[in-house]
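As written, the chain order gives the labels A, B, C and D, with residue 1 at the start of each chain.
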Amino acid sequence: MLPDKPNSYCGIFGIYGNQSSSIITYYGLHALQHRGQEASGIVSAEERENGKIIFNVHKSLGLVSEVYDDNILNNDLKGFAAIGHNRYSTTGASESRKNIQPFVVNYRMGHLSVAHNGNLTNAYILREKLVDDGAIFQTTSDTEVILHLIARSKLNDQVEQVKEALKLIEGAYCLVILTNDKLIAARDPHGFRPLVIGKLNGSFIISSETCALDINQAEYIRDVEPNEMIVIDRDVTSIENLKSFKIHETQPVKKQCIFEYIYFSRPDSRIFGHSVDKMRRKLGKILAKNHPVKDKEDQKVIVISVPDSSNTAALGYESQLIKDGIKAKFEIGLIRSHYIGRTFIIPGQHKREIGVRVKFNIVKGVLHNKTVVLVDDSIVRGTTSKQLVNLIKEAGPKEIHIRISSPPIINPCFYGMDFPSKEELIAYNMKSDIDKIREYLDVDSLEYLTIDELLDAMVEQEPEHFCTACFSGNYPTDINSSINKEVYEE
Amino acid sequence: MLPDKPNSYCGIFGIYGNQSSSIITYYGLHALQHRGQEASGIVSAEERENGKIIFNVHKSLGLVSEVYDDNILNNDLKGFAAIGHNRYSTTGASESRKNIQPFVVNYRMGHLSVAHNGNLTNAYILREKLVDDGAIFQTTSDTEVILHLIARSKLNDQVEQVKEALKLIEGAYCLVILTNDKLIAARDPHGFRPLVIGKLNGSFIISSETCALDINQAEYIRDVEPNEMIVIDRDVTSIENLKSFKIHETQPVKKQCIFEYIYFSRPDSRIFGHSVDKMRRKLGKILAKNHPVKDKEDQKVIVISVPDSSNTAALGYESQLIKDGIKAKFEIGLIRSHYIGRTFIIPGQHKREIGVRVKFNIVKGVLHNKTVVLVDDSIVRGTTSKQLVNLIKEAGPKEIHIRISSPPIINPCFYGMDFPSKEELIAYNMKSDIDKIREYLDVDSLEYLTIDELLDAMVEQEPEHFCTACFSGNYPTDINSSINKEVYEE
Amino acid sequence: MLPDKPNSYCGIFGIYGNQSSSIITYYGLHALQHRGQEASGIVSAEERENGKIIFNVHKSLGLVSEVYDDNILNNDLKGFAAIGHNRYSTTGASESRKNIQPFVVNYRMGHLSVAHNGNLTNAYILREKLVDDGAIFQTTSDTEVILHLIARSKLNDQVEQVKEALKLIEGAYCLVILTNDKLIAARDPHGFRPLVIGKLNGSFIISSETCALDINQAEYIRDVEPNEMIVIDRDVTSIENLKSFKIHETQPVKKQCIFEYIYFSRPDSRIFGHSVDKMRRKLGKILAKNHPVKDKEDQKVIVISVPDSSNTAALGYESQLIKDGIKAKFEIGLIRSHYIGRTFIIPGQHKREIGVRVKFNIVKGVLHNKTVVLVDDSIVRGTTSKQLVNLIKEAGPKEIHIRISSPPIINPCFYGMDFPSKEELIAYNMKSDIDKIREYLDVDSLEYLTIDELLDAMVEQEPEHFCTACFSGNYPTDINSSINKEVYEE
Amino acid sequence: MLPDKPNSYCGIFGIYGNQSSSIITYYGLHALQHRGQEASGIVSAEERENGKIIFNVHKSLGLVSEVYDDNILNNDLKGFAAIGHNRYSTTGASESRKNIQPFVVNYRMGHLSVAHNGNLTNAYILREKLVDDGAIFQTTSDTEVILHLIARSKLNDQVEQVKEALKLIEGAYCLVILTNDKLIAARDPHGFRPLVIGKLNGSFIISSETCALDINQAEYIRDVEPNEMIVIDRDVTSIENLKSFKIHETQPVKKQCIFEYIYFSRPDSRIFGHSVDKMRRKLGKILAKNHPVKDKEDQKVIVISVPDSSNTAALGYESQLIKDGIKAKFEIGLIRSHYIGRTFIIPGQHKREIGVRVKFNIVKGVLHNKTVVLVDDSIVRGTTSKQLVNLIKEAGPKEIHIRISSPPIINPCFYGMDFPSKEELIAYNMKSDIDKIREYLDVDSLEYLTIDELLDAMVEQEPEHFCTACFSGNYPTDINSSINKEVYEE
């Protein structure tokens, strides 16, 4: 993941009714690794011989491949159900260790574990009320608020307790909740983040994306709908008797995060009911249609991507150019290193310049004396783009053009996408003056998709069903309390 | 620590008003290492430049020397106040990791951190009530109950909140509590466990034993009294204005744990107002007076100890024998290895037999053809004693006698001493038939102190001021609820 | 790297005359990581204040990113010159730890360190002679023989000593040798493995491939020629006065390893005087020309690669198809996971099947109902290919065809390529019956390049300048003694 | 081990003819841990099913308890014979890692492994000759010289080869040598260091001290004699047919290291044919006889030791005082911490002063207002003694006297004892002016044993059979070349 790309807060996974729950969750989390690389955790529910239910927990900083081993999965995390979480975070080490999800607590109905993807916009207000009422908090995470709301419900049915709690929270959330005898999934009314239901033999799976079903050879059933709460327990033996509840009586227009299609989700996933690959390819095609590049001497234009995130858009861009009669060829001009772990060091001076060389190799012969179009999905800070351009220049291209398969980012996200501060966003900083950005990057041309073009690409979907706040500033919810939130966070 | 000795749950330490708080706590915890070797933690309160108070935490499984390093102490744990905890536990790794103290939470008055030595006897009942009221628990520790009680107090003064909480808990507790601006110490009305106050330049220290003051060259002021709560904040600049509060209006007779003198505390400490060395030496003397050993041919009797725990009693035993006209000489017949870490492995067959050889070397020349008295402080399971006797026999002594500076242990402790289950206690198992134990150990004689002799040794102290429940079964508090407690613990 | 691909023994790197030698070597080894992932080592020559030369060493199992840290590179490995080595090996942990290169010893002329890529075919005979003469060996590596030969030379000039030693060894070798005041590079007379010379400001670099020059922004000068020995010391200040020596008087025809072009080297490298990307692309083109695939209904044929190794060949294959009038489109149908570290575990049953899912994601939409050509560079055991085919089938393609950009592998390599044993080679096992292999893989067609087609692709180069022994069995050197070698190796 | 005590270079152990060789060696090395704490290694000889002998190696920095685990001992180090080594060293980490013994090499007769205790005085000269002859060295250790001498022997019988090599080396050596089918032990003609033979069922053991026999319940047979070489192989089934050889025809007067009795060896060992405990006790007695301490008011003098090294001397001192009619009592006034691992850190200021507090607890009540004699075995730098005195003063003693059970150390040792440089020896520095040392330590009196008194204590042994060079400067061998040795060492 490029250091200046936005980061989704996490990927979540849950399974009920399978004696290999933790192993299946492990593979699912591996498939969702792109949604969070800082930490990972699995909680499993195990039935002891005496009928007692215990919750097993393993959480640690690191990649899925670093956090678990055979012994942990086979012995420490036994159980008939499990939930898991991958997390991205920028906070300090000691704090973030406590914030690793899933959270697990005991309350009057038994064990309770929660994994959350998203960001609550009224967490601060809810927390203040809970604290006034004597609640103690172990973390700064908004997810802990949900636990307290469930535990404090005076209702006596666990499903009703969760529903009561969900009615109180606002913002973006996809949740998997594990109790002694249930797996509960929920998606906020706007449906900001994706959440899907799968089936593996007799057991049911909940996952952020379908790629985590595919790795387990599980079948995709359908999405968890915005405003829907799903309950899976022993009684649920077929798709027909999945228990589904509405969270709120009235449901707002859905507002799915369009950045999931642009960058977050894996191209081989199906989210919001559509193939990511197909949507991303469409972005590339519309980009080519409206923002083509031609070689002045009518030679083949070389289309390259920043692997792996913009491969699909670049392939779409190439095919549209050809369709429109422009000579073009997709090439792998940049090769991404497989050997950059989380802890790769950049010693010596000129760290910045060498950083990009360590991550990417450039295949000079492909670019030399050619008109090159670099298709990327977004520009955040602009620093990596600048270094990539410098790298490409070493190959001696005729011209360099950049095409971005999304509009300029100028606003913060309050629904779980971790952009740098406004001041670090190049498009905000340069007041959306694209020519100034082009000048900074020192390329022959630079063009972005407009918001309308972006929404045009969402074939078979309504434009108003997407949140485009990071581009447009139109936030679908009240965000005043979100801003206060920073008061109690470091 | 011998594997079959009882274990105290912990050692606690706190300091207020010193910029080297964590380093001083580190040394204090090292001095208290004998009270808990499984895990250690320090929490420090730091004031940031903007006046904001943050709490820094570092906790891990391992010895004090393994848990901390220079960077942690100097950079991660800065602060003007700190509390620390050493823990002994028998529970599994993942559970025990969560149970490492001090606990830290946020509640409506700010940060709150607690370290606890002892065991609450009504924790189960309190927990049930809290849980019914919507509280969520992260651990199985009775200490977490205290946090909830404080947080739920409707009072608005932090000192009053703590006092209100303390009024509700029963059993054994010595506590250090750190808040944004205070260090609070408390000792239960019976005063089961020791707790002392010290002074280092302008800052005040609370510690389980005085040895943690000595290592820091701090001055011993006095004990925290049973039923006393001490509050230290910025206003406390001299001993005179230490704030002291009674927890309960009426105070029961104090019931100090006599096992602290027999085995737990370090001989160079001063607890319950007296030198441990002096009390332990007195135990040896009374043991010799009433249970002497003489060589049949009037040769010197060789008095040896099990280092290091029974050294003092053995030295007392020798001096009394000599005083009573019996030829005797204290010798170091067993040498304890310095190289047994927590993780020492015993590969191969005959693990049991080699286990004791790995821990102790025997100096044969000292024992050969002599009448040997092995003075030990207690016998719990009896297995290590048996192996020690076998080891001593290899030296070819004339006779082997064992003298124990405490009575047979036949009852569980509900106040923080971690004995094995009743069935594993040799004295319980053999129905207090000392001759049967002697036969099992295969020695020429075996004698214990009686309870009366034990209390006689407590010079300058009232016999009724001690808890002797593990010997006598006379529990000073209601213990019914303690037994229920096991319901929710694994 | 796929588990059933052959592995080159290593990548080597050396630099002389730069105070950041180790840091430059570190980046060089990172760029050469594809040539060996098991272990890495750097040796630097440092001049102390008293004029004394010391050799600093750091070697360990692991990736370059795991083996070194800032402190090691900046403090432990100071020096004006350094050599480094990446190693691949299949031997056991304790043995391989000793075998990590560079080797460092002291002999009568001072320190001596060697890093070697290749395999000596007369190592066993030379070793026997040395051993008879009283030499002691620390490893089973053939590289240690070179050290002994240099040390035992009776000559008094170090360059002459090395030359004398090199005259005695046979087989494949590229060497970097560090002495107290020189960096010596050598390449065997057949030039089996690549070795290049670079320049960075005033200092000279030797490297297996040019990609290690590029990462350091060093200039490519020329290849070390087959049969050439290069000496760099303080006197060498410009390219003109690089000291060059012939190893043998007469020089055989060069026999460069054609597998370096097919698979080993990085596409962005220049080896044997040519761009790897260009050669590899040519392989794809000839493969398409002679072994095309057409869709029966004249739809677009989807060309996919096994990323990253066969990307270039697949791109070449696509462009030739189009040139030849066949509708075709290169697509990224398989996406390789970035999160598979060296230690990734595959728990649960069906390990084999899930193994490939963990490494590759399949983009179904791209392949569904299409005629798919999977272009790969080689098939070794065939097991991974089989699993990839199964994965592709899940996307529901119309047909699956496989095209291999090299001939079937049926012979072992004695020059440094680590194939599995003959019996594990699918083409050997199935007696080169390609239809039987096709049947095993269960695809619609399977075609390989022939040896002649392969050599045809080597544009601007003589066919006889390549070793094709693994395909043809024509070994350019006597290999009898190589077979004996296994006698003393485990 | 106190930081300013001299360190012996190592402990060695070997066993032949036992399928648990490595486990027995492990326990042996644990018992010999006091002879070297920096690193440990075991080499085992294993016979594979095909009759082939392989040598297994495991070596690492750390204590015996840290270096090995169950898997290493049971699986990696299988074999019918093994040798082991504990090492103390002051050299840097990377260098010392290579220097960890046993060394293992291959030479023309097969595998060869050597572990060495002692120091060769002509290593430098031998090494120069070997190097001139083409030998390559991997370490700076004098032990490597022995390997080369054996490998270069032109003789064809392995026993003769070893004998030939041993004839060439001078200085102090106890060796265990493992070959494909033999365990060879050797002790230098002066017999500087101890070496004993044991028997465990049908297998034979060689060890530095008898304590490593005792832990394994093996029987002590006899010492390896000075100038003796012992060969154990399959033919050796009983003590009678142990093969014994003289190294040199003529044998010098033996010169056993008297410091082994004073400090190095474990009190429960038997070395040089006598019990260490008995000799050490005698030192204390003669010290008391000639250098008594009396309380001015005829109160009991309190005799304390620095645990554990001077316990025995202090007990001897006490008993002699009493015998001579002086009122005295041995007390444990200082308690040594069990929790100081190798990596214990001393953060904060005043590191020196706190260092001694971290290692020792003082039992004040025992010393308050008493005349205290601190009996120690030696003073090296004097810094720890000074701090101990300061610690004792805190207890408020009437007077403090120090008695040392050896003479002042003023000369370096060339036979394997690692003193600090001459300038750091307090007695050398203060020109043997004991009163000046007393003044520095600030005690009421300070007395050492004289060399004559020391030798007097060696009951049943000839004074001329001991090396006292560190006290007297009378070196029993030519040491000129030893001084040159430092030329090639860092």
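Throughout what follows, a contact is a pair of C-beta atoms (placed from the backbone, for glycine too) under 8 Å apart; a residue touches a chain by one contact, two chains touch by 3 or more.
Keep in mind the model is a prediction, meaning the values are calculated, not measured.
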Taking contact as defined at the start, I'd like the list of chains shared as neighbours by chain B and chain D. none
Provide the labels of all chains in contact with chain B and in contact with chain C. A, D
Taking each chain's centre as the mean of its CA atoms, chain A sits from chain D at a distance in Å of 62
Using mean C-alpha positions as chain centres, tell me how far chain A is from chain C in Å, no decimals. 37
Chain A and chain B have mean C-alpha positions lying a whole-number Å distance apart equal to 50
Hey, what residues on chain B touch two or more of the other chains? none
All pairs of touching chains, please: list them by chain label. A-B, A-C, B-D, C-D
Which of the residues in chain B come into contact with chain D in the complex? 20, 23-24, 26-27, 30-31, 33, 37, 63-66, 68-70, 73-74, 211, 214-215, 217, 266-268, 275, 277-278, 308, 311-312, 315, 319, 329-332, 335-341, 343-345, 347-348, 354, 357-358, 361-366
Sites on chain C touched by chain D in the complex: 54, 56-58, 76, 94, 104-108, 112, 131-132, 134-138, 147-148, 151-153, 490
